[in-house]
Structure formats: structure tokens, C-alpha cells
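Quick notes on the structure that follows.
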Amino acid sequence: MGTYFEIDKLELLKAQFDTAEFDAEANEPAIYIGKEQLLDLMKVLRETPTYSFDRMSCLTAVDYKEYFEMVYCLYSRRFDKWVTVKVKLDHDNPEVESMTQIWEGTNFEERETYDLMGIKFLHHPDLRRILMPDNYDGHPLQKDFVPLEPRIEGGVLTWHKQKSSS
Amino acid sequence: MHSGILYSTAQALREILMSLVGVPLLVDIIMTVICATILLLIMATSALVFTLGERKICAFIQVRIGPNRVGPGGLLQSVADMIKLMDKEDIVPRGIDKWLWVLSPILLLVPSALIYAFFPFDDGVILADVNVGLFLLIAITSQTVLPFLMGGYASNSKYSLIGGMRTVAQMLGYEVPMVFALMGIVMLTGSLKMSAIVEAQSNVWFIVLQPLAFLIYIVTALVESNRPPFNLVEGESEIIAGPFTEYTGMRWALFFLAEFSNLMCIGILTTTLFLGGWHGPDFLPGFAWFWIKTFICVLFYQWVGWTFPRLRIDTMLSFGWKVLLPIALVNVLLTGVGIYIYNIM
Amino acid sequence: MAQTEKFVLNMGPQHPSTHGVLQVQVELDGENIVGATPVMGYLHRGIEKLMESRTYVQCVPYTDRLDYVSAMNNNLGFCMAVEKLANIEVPRRAEYIRVICAELNRIASHHVFIGSLTNDLGSATGMIYAFRDREKILDLFNIICGARMTAHYIRIGGVAADAQEEFLRDTQKFIDYVPAMLDEYDRIFTGNEIFQARMQNTSIITKEDALKYSMSGPNIRASGIDYDIRKIDKYGAYGDFDFEIPLGKQGDNWDRYIVRLKEIQQSANIIQQALDNLPEGPYMAKVPKVLKPPKGDAYHRVENTRGELGFYIVSDGSTKPYRVHIRRPSIVNLQALDTMCRGMLLADAVTAFATIDPLMGEVDC
Amino acid sequence: MWGKGLVAGLKVTWGHWFGKKETVYYPEEKLPMTERFRGGHLVLDDKKCIACKLCAMGCPNAALDLTVSVDEEKKRHMDSYKHQIGRCMYCDLCIEACPVKALSWDKNYEFASYFKEDMTYDAVVEAKNRRGNDE
């Protein structure tokens, strides 16, 4: 595993972005950033030659019940460095800028995150469900998800809320 | 004038019939019916034999044992296959062009069956030894294009349609080099008559005199009979089964029958045109030589088929038009020059 | 008046050459492809959600079902992520056995690749030859862990059982067989002119495209980008071994095939080194019966046969993971399908599916 | 020269055509199962079993359905040991969890059945039958 991003560079970023935060005590501190500045931060991380995080290794979301957290693991092939960027999102209306504007290869991963976690990506070229059926209502990886009941109505597979199980 | 067991048997039969019936026309008709029946039986048997043969050979090449459950060593496997196919539900898909769809497999069988009339199985044993034998043969085989296209169009399936279009492209494309390749033989023989072609090979087989034509013929024959590596029509990894995607049960079995009949046809044709037909050393009768050579040819075609991957449509067409056709033309030229020199000497 | 029209062909989910249940909507103009859209989800089992209700130990067999032709690599990825989360030191011998198994499985997976590729090209015989050789590896797995595909052999903290003499001996036998095997492949596939004509200069992914689509594994290396996590991260015992990373030139189907063939050679090379230097010692670290990693998260990636396989695990301090995310290489690689197929013929689309080597168990997760 | 590779390929298949075959006549000839092979029914040694239920707890898919009774001497007995093969993924975790090594596989992989219900069996009953046969 390559080494983690240096603390002093994190400090630099913190000075540059006012919503950026990190836990200096932690072993491999993730950068927390406000969702308005996410796109700018990512652009800086990718395009600044001294950072050049050119690979979006992993993109996912975690449901912490009160809020959602987007997790981006970036990797720099040039410097063999890692950094984790996290964004906290409102639980009621999770919206975040799409990373396809910087890394086109995140298209399917964002679609998957939208499908399973219900996070809306703004400016995504093709935000549709990818794994679940198109007429499915609900996002399975949310913690309060209740599976829907499949039923065939008029030759079409439809999904319904389960009757309150006794 | 002719020798050979088959010919003498037929003559004896004719004499017996003559003494029984007495009307030459009626005897002719009866004899023709008998011959036609035998030919159809040969065709059906070939399908049975080659189903098993194909599966066994494919298995052996693929380091497997192959079918071994039905009958001793799996010998009756093709019978079981046939029973299964007859037993199957006849599914007629929605939205098809009913008449064309139903007719396609039947029509496909007609040319495959017709050409058996022109094969000289032994000395003098040929149902219709017409003057334009080879010409008719090629004309009839090229009719197989139409049923394929019909089936492809009528099935109302995109896979079938693509398969049908491919048939037209490949069969027409390879008809031309094939005809030019066979032209060399016709030039050497000086006749289109099948018996004359065989007769001309009593000393030297045409494979020696026409090696280029032989190679071209092998390739074109594989294409014309949809054998791998040229089975683009039914390329199962791309278009599932091409024109027969939507056929089931007996209808599909008819396609199957035509395919194996075609396989045997190209075996027989290779034997007749290049390998000296029924000629061979005297210790075996002519028809035995004929069948031995045919089977060797069929085995060769199956061996090739199970070794190579399928070609792509553009490679195949450009190969036909840009490589095979010029070579075939050169072959015609060389043959002409050769005949000229031979005549001078 | 005659007119032509583009039409959409639904290839899959039931089609002889879509590697499971991938559906590709191919837009065709005659036989020319003008667009290809993969449609997924037919094999979606919700493994990420299932793992949230299983303990860490119980999660491991589910990773077998992700990429079911290289189960060992998936086990390895998950176990290493948990070990990173819980700070477990794995014994040296276990690391070596893990490498042997993972590399054997890489070879087996490439056998499936070669088999399905040749089958899609229309040579069923090739498939049987590749699967015949894969069978030898599956038999090895049967010896060491009692299962052929869903191995569940690599566990958190080590491996399930020690490698027996029989396994090591048979592995050595297999490694000795590899050159003969590759020679046969060369004679029947690589040297074959029809194969070359089918694959060379088709479905090219340029370096830029490969990076743009975040591709990984043999697919990105075929485009000429030196990106192998075994070499970069040197996870597990990979730092101890000397091996090369085969690279392609232009990223066409042919390069993707050749890269994988050469990788078989390199994997055999690694296994040979691991067998020669296999240390003695325990095969399992001391892992508490009830594993409770500290609160926090960890991301660990390994080089799966299809590329960069990452596990992101969030622990809330209980026995069960709070959230597991699996970064699957197949689904990311599939994004390039449209670029690969555009402008090619229908037959090339089938080759492209085969050489991109997606595995639906992994794509749909 | 073009065509050399084709001939080489033909040679390979020719060699295999008459070479040794890799497959076997299955029902008559069976491949040996290895020592660690996981598959078939669970064999419960009901004399050793202490009815601790650790195997059921270790199962990731809840394929084991056990009923345990406690007699007057506070001794636990396994009354039924239902193994639902349809849910089992042969991960071996139940066998590894057993503290007294009372579980093992019978390695018989031929248990296909027409009905789903037939795939569930009771290991305690099987153990008793086996003992009955031995005696």
C-alpha cells in the first residue's frame, strides 16, 4: 500500500478551502469538506502537479442514520499516495456534485451509489438505476430500508410495500 | 459397357421387372422411384451417421469421450436425438410470416436432395447423367440461399434476419470462385457430364493436375455448406443460430438434416471432382472406394471445422473476392496454358 | 424507395456469449455497431447488504460468490481489509500460501478467459482445452480446501488449514506443466491466422480512454499502462517475489489476450518462487473468537484477476461490519464497452465482451 | 507464410483426436474425493455432541435448525438437527465451530432431488439410522 497523504499538504488544503477539516491526531486522516467546495477540492487534487491524484479508486456512501457520508478514495499513480475525501450529506435530501465531471470512469459507481443508497448526483450524464429494477422504489443500502414485495400485475413485475407484518 | 456390382444388380433388377411388367416406360418409372428412394434413404442415413460422427469426432478432438449411453458405445445416440426432436413441442412464434416460415425448412431440403441425382456412385451408377451435370449441380446448390433468407426474414427475429443476410452475402460471394475453380476441371475434361469427369480421372486424379483448384474448392465448399470455420450464418456466439433461431422440433430437424446432407454432398463432390470418384485399385469394388474417399473427406471437413475459430464477415468476404477469385482466375489461365502446351507436345 | 434504418439488438441476458447474464443493447447499422449499452442487475444479490448482518468471519464465504472464478483473490481482499481494520499480523507461511493460492486462481481465471474467448470466436474446442487445464487447478483447490470454486480458504488472520505435502507436490507438477500448456495454446490459438485476423486492431482502447474509464487489471495493462497493484502496493508477500508485468502495445483485443497469456507465465513464476521459499511456521494468526475491530474505516485493494478489487469496510466496534463497499473491477471496466464496440462489426462486439472479461457475479455483486 | 498457424493447429487437434481422453464414464467411474472435501450431508456424532448450538450460530445463512432439550440432570440433548441443504453454502464454518469435533461431511455429492423439501434432512435421525445399521 502506498503511503498516506502528508499532514503538511493537508494543512495547505485546509488553508485553501474554508470548509475543509481533518483530524490531525488520526493515523490516516480523511479530509472532510463541505459539499459546495467538493468539486473545487477534487479539481485541485487532480490537477495540481504536486498532488496529481489521477485515479478515483473507490467511491461510495455510508448511511450513518443522521446523515450520509460520501467517501472518495483517491490514488496518485505518480507519487504513490493515498487520500480519502469525505462529504457529509443531509439525510433528507442527499445531493452532491457528480465526479463524472472530473473522472469519467465514476459513471457506473455513481449510478450504483444512487441506486442502492439514494444519493442524487448533480450534473451526472445518465443517472438511472443500474442494479435494481427500474420501477423499484427504495434504496436497499439505507439502514431503514424495508424490502418491497414483488407482484406481477398485468404481466409486469411491480413492487409493493409489505403489509405491516404481524 | 459398364462393370461393377451396383450396375449389374440394377441391370438384373431391370430385367426381372421387365419380365414381370413388360412395359419399358413403366419399368423406367419403377426403377427411378427405387433409385430416388435409395438416394433419400442414403441422405437420411447420412444425417443419422454424421450426427453421431460429428459428436464423436468433436468429442475426441476435445479430449472427451462423447455420447456413450444409448446403445453400445453410444451408437444409437442419433436415433435417440431424432426421437427427441420428433417428440418436441412445435413452437410457432408470434408475428411470423407463416407461409414463408413453414416452407423454409422444407424448401431447404429440396435442393439438398435433388443434387444426389447427379452423383456417380459407381461405374454407370448415376440417376441422371445429364450433359450439363456439373452446371446443373452448381445451379441447384445455389438455390439453398433462398430458403435461408426466407427463414431469416419470416422468423421476425433480428438474429434470424442478420443470419439470412449473411447467407446471401457469403453464398453469392463464394459461388463465383467455386465456379471458376471448377472451370479448370471442365477444361481438362472437356465435358460437364459427371460421368465423363470421373472417367477422365481413371489415370490421374484431378487433385494432382489441379491443386490450386482443389484448395479453392475446399474453402468454397466449406462456405457453401455452412461448415465451421465459415458457419457465419449460424454463428452461435453472435447470432445464436441465425435463420433457425426460432425453429423447434421437427422443423429444426429439417435444417439439421439439410446441413448434414450438405456435408455429405461436399464430401461426395470432392471425391468425384478431385479424388477420382469410384476409381481405385481393383481389390475393392468401385462404390466401396467411393464411400471410403467420401468419408475421409467428411472427416477432414469435420476436423477442420472443430479446429478453427469462425471468420468475421468482412474478412471472409474480402478473402473470397480479393484472394480466392484472382487465384481461381489464375488457375483457369494456367490450365489453359497447360492444355495448350500438352496439345503441342 | 429503399431506405435503411438503425435497429437495436438486445444481446442477452440469455445469449450464448454474454458471460452470464449481461445484457447489452447493441445499436446496429447493418452489421456495424453504432452504440452499445450494458444493462446489468440480473444477478444482483445484495452482498453488501447481506454482509451488514453477518459477522466478519461469516462474511468471508460471501466474497467467494463475487467473482466466482477467482474466489481466492476475493477472500484475500476482504481478509486483508479486515486485518488492516483490526491490526492483525498474518504469519509469514500463511502469506506465502495465500500468494500461491491467489496466483493459481489467477491462472484458473485466465483459463476461463481464454476458454470463453475462443468459444465466442467460434472454436468450442479451444474452450474445452482451456477448461481441461483449469480443471487441474480446481483439483488442487479441492485438495487444499475441499472446494473447487467457492474456496473460502483464505480466512481473517491466515488460511483455513495448512498446505499439505500433497498440495505442494501437485502444485509443483502443475507449474512444470505450464510451459507445455502455453506452448499448446501458442500452437492452436496464438499462431492461428484466423485468431489473429479476428482480434488484431479491433476494439482498441487507447491509453487515454483506459485512464478516463478508470480501467484496471489486464485491460489497462493491455493499453500499455504499467498499473499492477501487486507491484505498486506489494501487499501480503508480493514484495518478496521477482516478476514482470506484461504490457500491451495498443490496447486491442489481441493485446488483451496476449497480456493474459503472459500473465499466466508470470503467475507460474511467482508460484515457483513461493514454493521454493515457503517458510515454516503457523498458518493462522491468533484471532479472537469474537472479532471486534475498533471503530473506524479501512480501504484495502488487491489485484484481482480482473483488476483493482477494493474493500471499504466501516466498523462501529461491534462484531458485524457497519458497511461494506466493494469496488469491483468488472463493473468499472464495463464502462469502456461502448467505446470498444463503436464502429466495429457485430462479431467484434462478442470478442470485445470476451476480452474485457466481465464476470456478472462481480458486476452485479 | 500465411497458413502455417492453421496447419499447426490442425496438428494439435489431430494429436488429441487419437490421444488419451480426459473425461471418465461418470456413474461407473467416479473421481476420488479429497480428504478435505466439503459436500453432502452433515454427519453428526450424537454421542460426542454436547448440543452447544455453536454450529448453528456460526452458520452465515441460518441453514441449521436445531432443537435442544435439557433433561433433569441439566444435560443437553440434541433432539433434531435439521440441515437445509438449499440454504447451505458449504463454507465449513459449522464444522470448524464445533468444540468437540462431532461434525463432519459424508462427502456424498449425489443428493439431487425432485423436491425442495427433500433437501432438508435431520442429522440426528441419520445418525441413529447409521448406528442401527451398524448394530
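Observations on the structure shown:
So that you can tell them apart, the chains are marked A, B, C and D in the order they are listed, and the count of residues begins at 1 in each.
Operating definition for what follows: a contact is a pair of C-beta atoms (placed from the backbone, for glycine too) under 8 Å apart; a residue touches a chain by one contact, two chains touch by 3 or more.
Computed from a prediction, not measured in an experiment: that's the story for all the values here.
Listed by label, the chains that touch subunit B and also subunit D are C. Put simply, the chain farthest from subunit D by mean CA position is B. If you average the CA atoms of subunit A and of subunit D, the two centres end up 42 Å from each other.
Each chain gets a centre from the mean of its Cα atoms; for subunit A and subunit B, those two points are 63 Å apart.
Mean C-alpha positions place subunit C and subunit D at a centre distance of 27 Å. In this assembly, the C-alpha centroid of subunit B lies 45 Å from the C-alpha centroid of subunit C.
Counting partner chains per residue, subunit D has residues 6, 9, 12-13, 22 touching two or more of them.
Those residues of subunit B in touch with two or more other chains are numbered 61-64, 306-308.
In subunit A, no residue touches two or more other chains. Chains touching one another form the pairs A-C, B-C, B-D, C-D. Residues of subunit D that touch subunit C in their complex: 2-6, 8-9, 11-13, 22, 33-39, 58-60, 89-93, 96, 105.
Residues 57, 60-65, 68, 303-304, 306-308 of subunit B are the ones that touch subunit D when the two sit in their complex.
The part of subunit C that touches subunit D in the complex is made up of residues 54, 57-62, 64-65, 125, 132, 135, 142-147, 150, 152, 160-161, 184, 187-189, 191-196. Of all residues in subunit D, those touching subunit B in their complex are 6, 9-10, 12-14, 16-25.
Residues 7, 9, 15-17, 30-31, 118-126, 128-129, 132, 188, 192, 194-195, 197-198, 345-350 of subunit C are the ones that touch subunit B when the two sit in their complex.
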